[in-house]
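Structure below; questions to follow.
When the chains are written out, they are named A, B, C, D and E in that same order, and each has its own residue count from 1.
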Amino acid sequence: MSHSDHHIERNSLAAKVEKEVEVKAQKCYQCGKCSAGCPVAEDMDFPPSMVLRMLQTELPANDEKILKSHSIWLCVTCEMCLTRCPMEIDIPSMMDYLRQKSRSEGKANPKAKNIIAFHKSFLSSIKHTGRLFELGLIIDYKRQSLNLFQDAGLAPKMISRGKLHFMPEKLKDMAHIAKIFKNTSK
Amino acid sequence: MSDFEPKVVAFVCNWCTYAGADLTGTSRIKYATNVKIIRFPCTGRIDFMLLLKSFANGADGIIISGCHPNDCHYTSGNFHAKRRWIMFKELMDFMGIDMKRITYSWVSAAEGARWAEVVNTTVARVRELGPYVSYQKMVNTHIEEEVTNE
Amino acid sequence: MKIGIYPGCSLEGSARDYNESVFALAKAFDIEPVQIPDWNCCGATAAHNLNKELSLALPARILALAEKHGVDEILVPCAACYSRLVVTKHELQKHPELKNRICEVIEMDYKGTSKIINVIEWIDKYIIPKLEEKVKKPFNYKVACYYGCLLVRPNKVLNYDRVEDPQTMDVVMSKIGATAIDFAFKTECCGAGLSISRTDIVSKLSGKIIEDAEHRGADAIIVACPMCHSNLDMRRPDINKYWNKEFNIPVIFVTQAIGLAVGLTPAQVGLKRHFVEVKIS
Amino acid sequence: MARIGVFICHCGENISATVDCGKVCEAASKLKHVAYATEYKYMCSDPGQSLVKNAIIEHKLTGVVVSACSPRMHEPTFRKATAEGGLNPFLCEMANLREHCSWVHEKGEATTEKAIDIVRTLVEKVKRNAALQPIRVPVTKAALVIGGGIAGIQAALDIANCGHKVIMVERSPSIGGHMSQLSETFPTLDCSQCILTPRMVEVLQHPNITLYSYAEVEQLDGFIGNFVAKIRKKAKSLDEKACTGCGLCITKCPQKKIPNEFEEGMGFRPAIYVPFPQAVPNRPVIDKANCTYYIKGKCKVCEIVCPTKAIRFDQEDEVIDVEVGAVVVATGFDIKRADFFPEYGYGKLKDVIDGLQFERLASASGPTNGEILRPSDGQKPKNIVFIACAGSRDPAKGIAYCSKICCMYTAKHAMLYKHKVHEGNAHVFYMDIRSAGKNYDEFVRRAIEEDHVNYIRGRVSTVYERDGKLIVKGVDTLLGAQPVEIVADMVVLATAGVANPGAEELAQRLHVSYDSHKFFAEAHPKLKPVETNTAGIFLAGACQNPKDIPDSVSQASGAAVKVAALFSQSELTREPLVAAVNRFGPPLYSTCVGCFMCQPVCPYQAIEREEIKSRDGKVIKSLAKINEGLCQGCGTCVALCRSKSIDLYGYTNEQVYTEVVALLNDY
Amino acid sequence: MSNIAAKAKELLESKAVQVVIGYEAGPTGVVRPAFITDAAKADSLIYNENCVQNLAMYLTKHEVKHIGKMGIVATLPVMRSIMMLISEQQVVPENIVVLGIAEDGKLLDIADMNVMHSHIEKSNLGNPTKDQEKLAELNKLSIEERFKFWEQEMSKCIKCYACRQSCPMCYCIRCSTDCNQPQWIPVQSNTQGNMDWHILRAMHLAGRCISCGECGRACPVNIPCHLLTMQLSDQAYNYFKVHAGTSVDMKSVMSTFEPNDKESFII
């Protein structure tokens, strides 16, 4: 009889976001301040406030659009949106979740190929050396993204300025890092 | 136990639930005769001891009802009552006194049908639970016989 | 009080200049920060984009190591690492269950007792009190202090400086004789981790920052983040190409500027490693 | 020995159709102490009521139970009949056999049994009823109006015109409030001063109104009908009777660079000043904090030039006591200033201004004589941006509510701008347009359709300066959240309406409640919007929440009627169903132990502290005391009191306990 | 001489207080409360792990109060009782000097109520471990089993009201049990009336009990009646995040409210 008894089991993306990262899409009243301040909004297919609006509809078609969007990968977690959001909606955390969800469901936008390739190369660099090995990262990224000639002029300049090592610096306890990667791989 | 007619006492506030129950009447909505209403100015006035006295005097169930939060005629009596009942409920639970025998509800002056529903569900539930003998019989047990039992 | 330093991967590589200036400055002020033994990468943007647990576990290992070695205060010069470490500490504090889970993952004890400070806080606490007597060559330039994102945001977690129009770096710069100009892009994003994967976006965003600083007549942009530095400095050819302009304004780490003011040589503070020539010294 | 009469009503057939009234009557007559029981077809009819009256006399009844409909329906009827029968009206109770029995149950044994249970319960209760006397409180027929804005003015004039004395206290040197600062008013665009100043003058000249400007209420004691207010009349450094208001002192004062509050900081005033030319009273005050003489001990130019020798440097604050029967609180509101918005320029950008500043710019009597010129360089802005909801509906900034007036005044501002700068462009960033009100939405539509104001739905993220222009970064959410950048010359923030500074302290001094935003709280959000929880104190205008002029005026008139109703009798009569703390002779005095935990429970601040003192003035005992002028009889304190030292007349512990026992047991 | 005795002596000698309430060893070696008015007798004051009685109850007793300003040896529960008594206006802070005892038995320097407040804030404010265990045990039982348990316990009650007498928070000059119009609590002892009494007592201590356990210790027939009030202490914290007796101006649980107080049982 009580109002709280009327909870229907929600299975929308919005419900998952609410459960996993405690971000309530329904709090958004679409003022757009996040999109107004977002540095990459103009490059996005759906600016942040639109992503929230789409979540609010709880329609499978919109959920699908979000997970397949370019936007979630363009977000650079600069946190400007959260800082200025009048409703204090943690959009960056939400974006983190959406990215992970998008990838685990194999829905990552093809345009984000490079971005994802970079992240993957980055993590694999840490996985193998414990610290970021920048030269290795660049080589691996080129291999993954097939952008073989990108930044060709950068590396020599970096080397001449002593900014690029040829050998990775490895941690003593690499076994520990390996364990952490193993324990967090779902 | 099929002929068991539970006795249920309802403690209600004058401004919301009492008026709501009046509306049940004016709307001619029927409910069980088992419930009898005692009028209070406000749920804030209802002493928890009255609940115990009701059980002691043979009540099998109790309804407490007042204005919805923010609707109190006295602005905050029901909020104070709510705190009181939260503590009371926890104590009753801890002592093993079955809270299924007590219905707490907010029924407004406009909710005539809801009052009938509250009454009927409470009566049905208490009927299911049977007479509250475990409380009532305690009046006959006392120190001498317990001591000799030990 | 034991002060440790977590340099982070950039400072070992592309931001060697920053690393050199931090250690040179520390030495000039008789401070010897101890590196946290066997530290690992914090995971940076990649980790929290792809794997939340990993993004907490990697910084947690660093913090746990610091605790294990009795470090009370960790200096984190890299703003990105600083943000990851502080956010991790905050998250684990807020969610005890998560903390237990992460402790299982890293198979280490973690209590959250070490204090994490960024480079400006470190300067405020250890350099400023003795700065006045040591300034030999006042840094008489107009500077645009660029804070970027991660030094001030998320401000509810970091709880450092005011989130709009921050002032701490401006104040530090004024102590060595610089004039900090009012600057509209203090906390706008440079494009951060998209440097390699979306150089176009980085060129656009970083270009806006450089353009505004130059336009307002700044002689240099002062930064405290290796990522900002690499985007504004190393990416300058891309930026100039994107904007079809010739921006020449140098980008200097706050520690380099102070180093120069207290008489360190440009080489000592790593200025030679910059892509954009620093004509001031 | 109790002698109770039971009167069972058939209510036509409404009761008797399902309840066997005869059987109820028979059962009632057998109850202990029932001296008389009867039934009748229509107990509320004249003959029915006579039946009750006659029975009281004939059977020497000591209590009456009318078993009929709901007491909410006819309790007053039968209590009156009881009184006419010579018995105290509070010795009459009603048993609800209709709404709670005959109408909700089918005909049958159980229904009749329930009716008997109900009657028995009320019989037992009425035996324990006390003969209560209505509470009579004398009423001082004078009202205190705090605040001299449009709401206070309206309330004061309405009360005064009813023939009652009014004391108006205004904190600043002149009445008029925010309305006097406004240029034109929506939705008619008539000049604010033109409609306001006649009323200000009326206040000054009204024989029933005493105006204390430059004064504040320091303390309020007492209760409804009987308040005593302590008013501090701040020293104006002026003999008001001698001053003719010639203004020579104002022109000669050497200290001229004090930011003018009335002009919202966009102009200057001297240390001796009247806030604005139409001020009421039109007499200057010396602002001691900024006066050279008060700061340095030298100057006295005003004293020297004053032709009537009216300056009084040695004047001191005066504190007076006034007795009033009612209080109208009309202290108004304030707005958040531009410095509340770091992302819009921290108040460091001179051309980012707030709505009140724009009002002054647009006002013919303002610092620019009504020309829209931007503060930084006095240029006419060609591009102007209005940002609505600046601070309102922004929980992150601590203000979740809608300030209600901004949508309308923003439309007005944009319109005024377009009327004054024909070639200019006006942009409005808004979230929703809330224009509910007579001719309001039409007004907004006019701004959009006829004056071509560019309305953009979206919030602004940031405003920064570049080359003397303001870059406004917003968004158009109706175009897929597309970023919008406007290069503007001036930005006007429709900042949130907030409670006045000092509202909280005033509320505490008046003992009225306030909400989490420090706005004064009404007694009931729907049905008592003008009353406070403290009887005799009423609210008018924006001190309750942001309101526009028509709403403020309506509420002020509402408050005035409440005051006039209160003053319509020389004595206040109240139902005596109030709580009381027990009292005994010494040495116990009362079982109250003085824990005062009941105090915060009372919604009406009716629980006071009473100290019993010995002859030498030593406090022997502190105990709670209920002010029966304030108590409304909810009884929450009664249920809370651990030592059962408080009881509620009409619902005493003994009565309710007995009801429980009687309801559940056959006697 | 112990620190406590020295401090008491100093207070009495300087006339800062007229009486020190503390513990002493009785003739049989059993610890008992002591009321020292003579500095010379301060030596007899002791403190050890057997000193568990909550002495705060004496602060409201006329016989002690009338002597003058009171010093009191105060372990954590006593300090919390004092906070409660001040917040309920039964004790005037100026009239007492607190000889605080830390968890390790050392004398604390409690200069004023602010110091005491910060000491209490730092302490563990939950119920004592052994009582927590018992509470958890009872909470695990089925509702019928709990009723059986308490019915059995209540049947032992002889209505001696030692629980009330020993409780520092039961300072009323007239208890509701002494009310006879109406007679809320029956005079004679029967299980139902006994239960009524214990429910009434627990409710009156809701949000006020400071978990000293004195009532349970005082019971001559060993009814664990302290568990009732302790359960409500837990719940008061659980629902309203209030620990009783932490400051002199605490918001009392039962006489305040928040509009969004959560419950799940009101329909």
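In this section, a contact is a pair of C-beta atoms (placed from the backbone, for glycine too) under 8 Å apart; a residue touches a chain by one contact, two chains touch by 3 or more.
The model shown is predicted, which means the values in this text are computed figures rather than measured ones.
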Chain pair showing more contacts of the two, A-C and D-E: A-C
Maximum centroid distance from chain C, chain identifier (CA atoms): B
Chain occupying the middle, per Cα centroid: D
Separation of chain B from chain D, taking each centre as the mean of its C-alpha atoms, in whole Å: 36
Whole-Å gap separating chain C and chain D, where each centre is the average of the chain's CA atoms: 54
Centroid spacing, where centroids are CA-atom means, of chain C and chain E in whole angstrom: 55
Interface hub residues of chain C, defined as touching at least two other chains: 163
Multi-chain contact sites of chain E, meaning residues that touch two or more partners: 176, 184, 254-256, 266-267
Contacts with 2+ other chains: residues of chain B: 48, 53, 70, 76, 80, 84, 105, 118
Residues of chain D that touch chain E when the two form their complex: 588, 591, 593-601, 622, 640, 642-645, 653-654, 657-658
Residues on chain B engaged by chain E in the complex (per definition of touch): 48-49, 52-53, 56, 69-70, 76, 79-80, 82-99, 103-106, 118, 134-136, 138-143, 145-147
Complex contacts: residues of chain E adjacent to chain D: 88-90, 171-176, 179, 181-182, 184, 204, 251-252, 254-256
Chain D residues touching chain B - in the complex, by the definition given at the top: 70-73, 96, 98-101, 103-106, 110-111, 113-114, 117-118, 121, 523-525, 533, 577, 601, 603-604, 632-636, 638-640, 648, 650-651, 653, 656-657, 659-661, 663-665
Interfacial residue positions of chain C with respect to chain A in the complex: 9-10, 12-17, 38-41, 43-55, 57-58, 61, 104-107, 149-150, 153-155, 163, 187-189, 191-194, 196-199, 201, 205, 234, 237, 272-275
